[in-house]
């Protein structure tokens, strides 16, 4: 079986400074994986390389068996890999519902879809689908608000729902629990478990180790752009290198 | 004969280029530091010439009239800062451009009401002496203008690189948020920049009036737009880019008039701008933009 | 209808068409300061076809619009690699070059101007403007309009969600150019005379001015902006020489108070909600 995401020998430097060095790991289908490490370890850089925000210096990236290493960033989502953003990137001029509709784009790319006057139909299937997705996360009351003014926790969840609407089989989530209160974190956990039950593979960057422990089967630990450990969280915790990397940082 | 004519046209092109250069530096200060395409600057250029003309006609001594013109331009520029720039922070970038354009229209129409739309003859202030070098004829006024322009730019360049205020300005240009964190008082610096760019534009207007001995309410448009072109050809935010761009545009204009015809000026000047923008959008001496971070 | 009123309304119709030509790319975050150049292409091309080849207007006008759109497409592809102020300046330069080219093109009269023999009456012009408005209203209900805003709001994320940012930008730019050419073609055949000097920077810049005044958040903004800018100076005609100065003061003060323009999404939502709230109170 092909892996959901496979990274081999990845290297990236910025202005001569090495950000990622010889990184290799796989995310098998259905195995929720966490990418952890101290601040500045290169976790978000990995996401940016996989989604194509930056080009790689060396190495290959394969999503669902397709080599996406040199694919234009725009086309990568059609191989079934979507992402959320650490510093929530919603389109602030659009309403919540409209953000969802943009999220559906990759499944509606024909010229006909582009020119269908869906706004003339109050119950167009796109809107029905987007409202249903919002309702699943208890967000339907915000559907017609412009996103700019919404509370942080709400925008965070909207960002996640938009990523799911691409219909991707692999979701990369950049610190989904950061800044959420305990009850919001619980709701997020339920949401992610529901996605996992639908067969979606998750790759999560996260600092909250209780959260990681509660959903992830496999953990990849980065430090200074290199993989220093991999395995179930209970095992990596015992790893001396991991303990050293986290000294003075946060408890593992 | 042909060679000396070319040399003469190159000299004329450089003289005109000096005026564009001052305008380009004025624009580049506003763009480079404040990220503001200030379309009121052609209006301030026109004020430099028209207000001086008005006061001279009034009977004021020439130097007083010049000083008054500069002062008026600086004051109006503070109004532009207050009403076109300050309220628009954080909005769409096109909006301050529109408001500053409103100022251009306002200034032009005020002058139109007072002086009429005709071109006015600006008195000849500098004796009509010419230097003759080989086959070249160089007017004293032209030479003085070029020298003054170059001195102004040299001084500005020294000011920005060697004084503490200059360093503050460059920090703001680099990153406004960092500058505020470092305790730089942008509330004081921004109006200063508006005054500085207004003075550059008004000086250019004065030099234009003295050299070409004519002023009109609409004299700022053509020169101002070419100043913008010069700034972009050279590279936005770069003083030496503005100098290079100004001289190039001046040369392109004078050479195409004398060798092809007056009607093609806009084709060569703006064609040059278009080609530069397509091939090297950051301009000849500008730095390329970097991709944003997620 | 009096001749004066008809004359004003015809100007309004032309301004509305120009406004939507600027609005389309602006909705995607691109400032086109060269719209007059595309109007000139539509005007000269269609006039050349009706004058020299005796084409009927119903064929010549769309071809003129199409040529303007094609020019927008071909030039948009390299020019839209630039962003922000660079793009604005590139379109500005483009407008200058196009109108200077026509000024020097002797087959269409050069600097002396180009008389046009076929005539379109005021009703034809009104119909053309109405068609443009209907097209824009239609587009505003589609994903195309949604992506225009998405691309303006956050091009990086739009790209990662699979939206072709370049494709949307080029399409908006070219379609805007075609609309400008369409308006220009009607201009040539209504006034029966074209001169390159008419299609100058100030025409481009004033169009941008009233689009921003009306507001770019909704499809109604350009219409309102064009109407205000056409009718207000007429109302100020009494004060004659002061009218443009007063008008400029008004623009400055207005933009300082309401930089997002007159018509905004929240304003429309408020207007829509209010009757609903009243009816629920009654019940």
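The letters A, B and C name the chains in turn, as written, and every chain counts its residues from 1.
Going forward, a contact is a pair of C-beta atoms (placed from the backbone, for glycine too) under 8 Å apart; a residue touches a chain by one contact, two chains touch by 3 or more.
This structure is a prediction, so every number in the text was calculated from the model and none was measured.
Can you figure out the chain closest to the middle, judged by Cα centres?
C
Count the C-beta contact pairs for B-C and for A-C, then tell me which is higher.
B-C
Per the centroid of Cα atoms for each chain, what is the distance between subunit A and subunit B, given in Å?
That gives a centre separation of 49 Å.
When the C-alpha atoms of subunit B and subunit C are each averaged to a single point, how far apart are the two points in Å?
30
Approximately how many whole Å separate the CA-defined centres of subunit A and subunit C?
Here the centre of subunit C sits 41 Å away from the centre of subunit A.
Of all residues in subunit C, which are in touch with two or more distinct other chains?
156, in rising order.
Give me the residue numbers in subunit A that touch at least two other chains, ranges are fine.
Counting only residues that touch two or more other chains, subunit A contributes 53, 85, 89.
If a residue has to touch 2 or more other chains to count, which residues of subunit B qualify?
In subunit B, the residues touching two or more other chains are 294.
Across the complex, what residues on subunit B touch subunit C?
31, 37, 83-84, 87-88, 91-95, 97-99, 101-103, 105-106, 109-110, 112-113, 221, 225, 228-229, 232, 236, 263-267, 269-271, 273-274, 277-278, 281, 289, 292, 294
In their shared complex, at which residues does subunit A touch subunit C?
51-53, 73-78, 82-83, 85, 89-94, 98, 101-103, 105-106, 108-109, 113-120, 144, 146, 162, 166
In their shared complex, at which residues does subunit C touch subunit B?
Residues 26, 31, 78-79, 81-86, 88-90, 92-94, 96-97, 99-101, 103-104, 110-111, 156, 201-202, 205, 208-209, 212-213, 216, 241-242, 244-245, 247-249, 251-253, 255-257, 259-260 of subunit C touch subunit B in their complex.
What residues on subunit C touch subunit A, complex-wise?
138-144, 146-147, 149-150, 152-154, 156-165, 217, 265-266, 269
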